[in-house]
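Chain naming follows the written order as A, B, C, D and E, and within any one chain the residues start at number 1.
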Amino acid sequence: MTEPAPVLEIRSLEVIYEAGRRRRIQAVSDASFEMIQGETLGLVGESGCGKSSIARAVMQLPPPTSGRVMFFGEDLTRVDRLRLRQLRPRLQMIFQDSVAALNPRRKVGETIAMPLRVAGKVPKEKRNKRAREMMSAVGLDPALFGHRPFQLSGGQCQRVQFARALMTEPGLLICDEPVSSLDVSIQAQILNLLERVRIRHGLTILFISHDMAVVKNVCDRVAVMYLGKLCETAPTEALYRQPAHPYTAVLINAIPMPGAPLSRPEMRAAAADLPSSIDPPSGCRFHTRCPVARARCAEIEPSLETVGPCRQAACHYPLCNG
Amino acid sequence: MTASKDAVQAPLLRVENLGVLLQNEGRVVRVVDAVSFRLKQGETLGIVGESGCGKTLLCRSLLGLLPGCAAVAPDAKAFFDGKDLFRLSESSLNKVRAAGIAMIFQDPLSSLNPVMTIGRQICEPLVHHLGMTARKARSRAVELLHSVGVSGAEQRVDHYPHQMSGGMRQRVAIAIALSCGPKLLIADEPTTALDVTVQAAILDLLMRVQAGSKTGMILVTHDLRVAATRTHEVAVMYAGRIVERISAGALFTHMRVPYTRALVDAIPKMDRPPHAPLHAIEGRPPGPAGAIYGCAFAPRCDRAIEKCRARTPPMRSDRSGRHWYACWNPIQEPAP
Amino acid sequence: MTSLRNSRKGLWAAACILLSFVFIMTVRAAEPKPGGTLVFGTENEFAGFDALKTRGFAVCDAIANAVIHERLFEWDENGELLPVLGLSAALSDDRKVWTITLRKGVSFHDGTPFTADAVVAHWARLLKPENRFSGRDTITPILSVEKVDAFTVRFVLAHPWLPFLETLCDGRTLAPFIPSPKAVAEDKQSRAPVGTGPFMFKEWLSGDRFVLVRNPGYWKPGKPHLDGIVFKPMPDHQTRYASLESGQTDMIWTDRGGTIEKAEKDERMVHYVSEGTGAEIFILNTAKPPLDDPLVRRALAHAWNQQVCVTLSYQDCIPFVEHPFGVDTRCGDVGYRAHDYEKARELIAAYGKPVEIECLHSNTKRGREQGELLQQFAKQIGVTVNPVGMSFGPVVKKVVTGQYQVSTWRIPSYRDQGPSLYSAFHSKSRRNWSGYRSEEMDRLLVEQNTETDQARRNALLCEIASRINEDVPLIYRGGRRFHVLAKQEVKGSSRFQNGIFALSDLWLDRQPE
Amino acid sequence: MNPPSEIPPAAGRKSFSEALGESFWLSAIWLVCVIFFAVTADLWPLAEYDHMNWESPAAPPGTEIHAEIPGGGRPVEMKKVSLLGTDTMGRDILARLIFGARTSLAIGLVTPCIGMVIGGLLGMMAGFYRGRTEAVIVAVMDVILAFPGLVFLLAITFILGPGLDHIILALGLLTIPAFTRVARANTLRCARLEFVQSARMLGQSDIGILVQEILPNVIWPMIVYALLVVSYMIVAEGALSFLGLGVPAPTPSWGAMIAEGKEVLDKAPHVSLIPAMVMFLTVLSFNIMGDCLRRAVHPKEEQL
Amino acid sequence: MSALGKRALHLFLVVFAASSVTFLMVDLLPGDAAYQIAGDTATLEDVQAIREELGLNRSLVLRYMNWLADVARGDLGVSYLTREPVREAIMARLPVTIELMIAAQLIALVLSVPAGIYSGYRPRSCIDRILGSTSFAVMSIPVFVMALVLIYLFALKLGWLPATGYVPLSADPVANIRSMLLPALSIALVEWVPLMRVLRSDMIDTLHEDYILMARSKGLPTHTILFRHALRPSLFTLVTLFGIQVGHLIGGALIVETIFALPGIGRLLIGAIFSRDIIVVQGCILFIAVAYVAVNFLVDISYTLLDPRIRRGGGGWLTAPHIR
């Protein structure tokens, strides 16, 4: 048996934004990971850590500053524009702001049928029929076909996004904080929907979130980011059972746990505030807030190293080993 | 959780039959209805509910900060410090606003004036209500910033909000709220806009402040876990009404209203394997548009009975008198 | 008498009326009060005061000019020669040399003494062909100007020429006025004129004000009474009238019936009128089809209703005319083509082809009205006229280069029309814009120029008018009549000749502020 | 994040026409009347607008005048009561008003279209492509804005000859920067939103995105703005006529009528005031319609 | 490149482009200054002589180059028609234009700011409705009609103010103010409306902001909230619009200058255009373009004064409001 080619492979990805005069923000630096068919990878981290930048770099919106994005073995950063346009429908994304993600001037049904219209050659009746089917599949009343986005609730808009994304039968679905602006009850509905369509369409999903609890429920594998760098990747169960990177531990600890006493009070972020990403701290970027930092951490930047089966961490003093 | 000895002590705030009317395109709808609760000094009341359930309007109505299209129902009462807040003139309400009840808002970026230095914003109530001189107010502002954990307070007073991070801004907002030594602090989703790690620190700060100065606090949140861990009593709101008032420790285990349980169940659990389905509540909360007959949750409730659709359930308490719920068909109390 | 006699008579009559008016006023307030500044609202910005450089010299310019500079002679109210800078003029027997003695003890504002040199320098400058003096065609008979002694000059003519003295007196051009040779040499004359007149130039802010102050060293003792005169250009006539009403100005120039009517009702105002010569005309390009055919021109002339134009567009503030010599000149029947649609239709029928004509007009309200009127009248006889509004420069360009069919135009108001008609209609003239060619006309024009008998010359001029009416190189829109409105408190002798109101002797009957 | 008192927009939303309000419909009725009369001007038994009635210049409304009614061949001359009186040249004001409406409306309605098409295109390109394209377009617009429109206007009418069409062309070109600004601002606003990214993800080309995604979002603010420009242009025509630069005679226009009547304002105020009133009402109607439309289309749209 | 350098380059390019386009356009107009100068008594030879004298017979490019070279030396040239140095001509009219502009905009501000604040504070109130509808009506009155009505009312009927004319400030301050009042008013009465409307709408938006709630929760009185907290953040659109209006006025309020006989830049320009006095036209355009860019620059500066977020260059987490 040959090993299946990874759906997505990212190598040394770097994203730099120009922010005004001589200010450069390194949103992502040297990120590498891969995703295999049917896998759900969670990408977690606090705001501004570069999660969304990775997602956009994968979509080539805009292309990364450097590094490679291999999609089914094809490097998206190298292909020409026409090929990119052909490939893009296979890469779909669900945005956090579901209202902004839908054209306010277009009817919901038309939005869902849009992928077929762009691809062309599908007559209008057939497009609309498919759209209605897809609406039922994502739990939207087909009667909403003629509505406009502002007439729908946040949860419904999110469903529309799913429906639109699924129309192209994507090879990779990127969900950028799909539930973080929703209420718990709606959040649960959407997460269940995600689970359902994942199984039904055999989706490979890159799931971006800042909510550790949600990630725990959704993902097979988790990658933790801090200030543009990956600091730990591990299978979900292992990560939550025993985090290797202190930052992961801090994140898990920050989840309020009713009933249980705060598990490890010492694992709290030392300083409350995130340093600026314009000039990140030297050495390990987390050392300014790390509860277990030592002198070496401020000087030498740790690289991502294997610390257990299928898991890597970028820490000089990982909390668990092997 | 709190000692039951001082139950006879007069409450800091007593709200009775609070209703908020909203004028929406010519129609008047009740977005908050029949809300009653008491809050003692040094205690924290958590108000949880989904967006649109009226918790924010409830808080704002107490300070007379309702938007122009909303008004407090005429029969509502809210006694604070022996005065009915809803019957105060604007000028006496202004006195209450700073020195009696202070408020912290959800988004620290938008709740601080972007074109004023934070020092000026802290000094304003000091000068206006306490009659301090500008110089004295400034040194007091520095002290306040210190006390809420802002490092380098002397320099920070001359900074503008945009020069600070989200967590720092929320600390500044807390400092402003504390400036005149209020007896009651209303925190409306104070951590929703913040990162998880910062969220914990801010909640810690609030608890510390409250414990230190024995103020009462109303903590509004949509996160049941926050409410359960950071308050003494939790009021769960649905469609403008409080459906359950329960001590925080019992929230996740001894709830009696199906809606509360549904909310608890919908939270992703840390102890379950990936891809496990969640208990979602189907449907959507009702909007403020239509009149509701019976229990507002009945259409989504799996325990709904005939009566639920016909009559609105009143608040009842259990034997202890501390657990109140509004349900015709409550969940049986599990055996201890 | 050296000019048109009958025109003198009319002027005389007008002057008498004015004089009696002035007399009444002087009786009421006998003693002129010195001091005060008179503000005069003009129609346009001044064009400048250098005879060579200044071309568009309008009536208001002439009014200002006449108080800064002075001529050798003026006509008085009776049509007699009035000595100003010149004391006497004598004609030689062969009628070809004029010897003029000059006033002594006069000096220019800049201190230069006025002598024969100034006169000779000025005239020599005008006569020098390279200088291209714009009025050179009207002074061609003058061969040279010579200095006899310090206060005597001699003008040498090519042939006996009746309009000579008129040339020295006509206030409507810059030629008769003697500027300071120093200012001319320094090339300052145009923007900061220096003369010998009762008022001296002080300040000129284009578009806003032109300020003159009293000349303390003026040669006429006790004159002038005013401390100064300020000219304010106000192109909008309503604005101008409003400024008179509200007291910003003391006198205004106007040519609008509406304002005149209002002023006559207002007892605080005085209305001064002066008849002029010349005419408002349509000039017809006789070189360009279809107007090269006299039938079409005559048809247009018959279609045109001058009376309606005068009444409707000019609100009767100009007279109806049949010739360009002013209403006071009687020529008898000059064959004016009266308004007659039937005749016009017959003529057009005789022409037999459809006629379409472009009519240029200035893009002012009045210009537009003229175009529209012609269009309306022509429509009645089946001729299409397309009015095209343009600003002054382009109209001039089109007419001067002959790229037009019909255009609004004007015969300037010179007291002697002979030279100007010569240059407008002689087939050899460079200013014959209508392209009119007629041997008969050429003969008449040459004869009137050299004719030494005034009565014969007048008859010749009337004959020229008849020829114009016969062949229609122009259509009269109306004659010229000039109006000045003033406050009651503006007193003093007020000579108002041919549009030029003499401001030099005025005084203000009001308390100094 | 819960915005306070969030009301699901679906609830209790007024219908579009309801949202516009009655002042909108009043204005619309007035404009429809004006347009109707302008279009059907030839069909009414009006006096000829350029026929001058020498006997009765500036006659007050209700005066009996000689009028020429255009008949089959030769105009028929008859006595007729002039409803609105005559102007200083004795022409029937009513006829001139109605024919003048053609001029004013043609200028008012066509010029914004020119600006909208060209300016909209440029603005969308500037807002969408950013970078150098935007810099060039913004610079060109700055030049146009810094450049007095009058010179341009004169140049166009002199070079191409006077005439309504050329005035429309020149005025239309002058409105381009404003439309570019509106289109660019709105394009920037919605190009930031994720639905544009979504379209790109579906493999949509740039032109496809501009036309299908951005244009529908830009067109409404532009139409709202265009209505303001309409009223601005009607006034501009008046100003031009005031300076003697309006449409050539004998075509009547409201601006020219006001300017002509200015001379007899105290004697015969109706000559100037009637067209002034009509112009005022029309401009007001366009303004009201624009405002109502803005409020109906974008309840919270920032004004420009 | 530094921001200042960029702006200077931008200014240069805009001014250069505007002046070259003008030169070309005025040259394309039929009839040049020579015909204007020659007048209706001229002959073709005269015109030719004048053209030679003025250098009009040289090629367009050559004349433009000459003009540019003169401008580079700080010499704007001499008017063809009046022989007045253009710089002096502009300078003489500048006080009028600037005074008119300042007076008009001051009146507009005095009218619009309180009205805008109040109707933003109490939208849909009685006063707001009255302001709203009157402002609409006023906005629909063309400037020239407004000016005529004002003259008729205040100068002719009531006789309170002079109808026309300009008295320099140095000559008589009181008369100067009286002479400026009506022209300024006729501009201001039309211009204050959009100012009020944008302020109202921004004010409404600002008053919905959380920091206003915060200020109210601090127990501050209404006037403090309105003026200290709400006004400054609500001024952006107003300032932008104000800048645009000033930009237009610098070019001259042509109609008003004509009706009130004010010797301003606008009248100088139109006179020069009509008489094809290209040197004066060029001088005016140069001045107007520079002033336009300068006004925009001032507006940009005022943004930074209004909002410290722009002044300090901002942190990584915010974006400056879009500036034109």
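Everything below uses one rule, namely that a residue touches a chain if its C-beta (ideal position, glycine included) is under 8 Å from a C-beta of that chain, and two chains touch if they have at least 3 such contacts.
Keep in mind that what you see is a predicted model, and the values were worked out from it rather than measured.
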When each step joins two chains that touch, the fewest steps from subunit C to subunit E total 1
Selected pair, greater C-beta contact count between D-E and C-D
D-E
If I average the Cα coordinates per chain and compare with the overall Cα mean, which chain comes out closest?
E
Geometric centre distance via CA averages, subunit E-subunit B, whole Å
52
Would you kindly tell me how far, in whole Å, the mean C-alpha position of subunit C lies from that of subunit B?
92
Each of the following residues of subunit C touches two or more other chains, namely 394
Which residues belonging to subunit A are in contact with no fewer than two other chains?
153
Of all the residues in subunit D, which ones touch at least 2 other chains?
1, 8, 10, 13, 158, 259, 262, 265-266
Could you pull out which subunit E residues touch subunit B in their complex?
208-211, 213-221, 224, 228-229, 232-233, 306-309, 312, 314-315, 317-318
Across the complex, what residues on subunit C touch subunit E?
45, 47-48, 53, 55-57, 132, 134-135, 137, 190-191, 205-208, 232, 234-236, 239-240, 242-243, 245-249, 390-401, 409-410, 412, 430-431
Residues of subunit E defined as touching subunit C within the complex:
29-33, 35-47, 49, 81-84, 89, 92-93, 96, 151, 155-156, 159, 162-166, 258-261, 263, 267-268, 271, 274-276
For a test of understanding, state which residues of subunit B touch subunit A in their complex under the given definition.
50-51, 149, 165, 167-168, 195-202, 222-226, 228-230, 251-253, 262-263, 265-270, 272-282, 284-285
Subunit D residues touching subunit E - in the complex, by the definition given at the top
138-140, 142-143, 145-148, 150-152, 154-155, 158-159, 181, 185, 188, 231, 235, 238-239, 242-243, 258-259, 262, 265-266, 272, 276, 279-280, 283-284, 287-288, 291, 300, 302-303
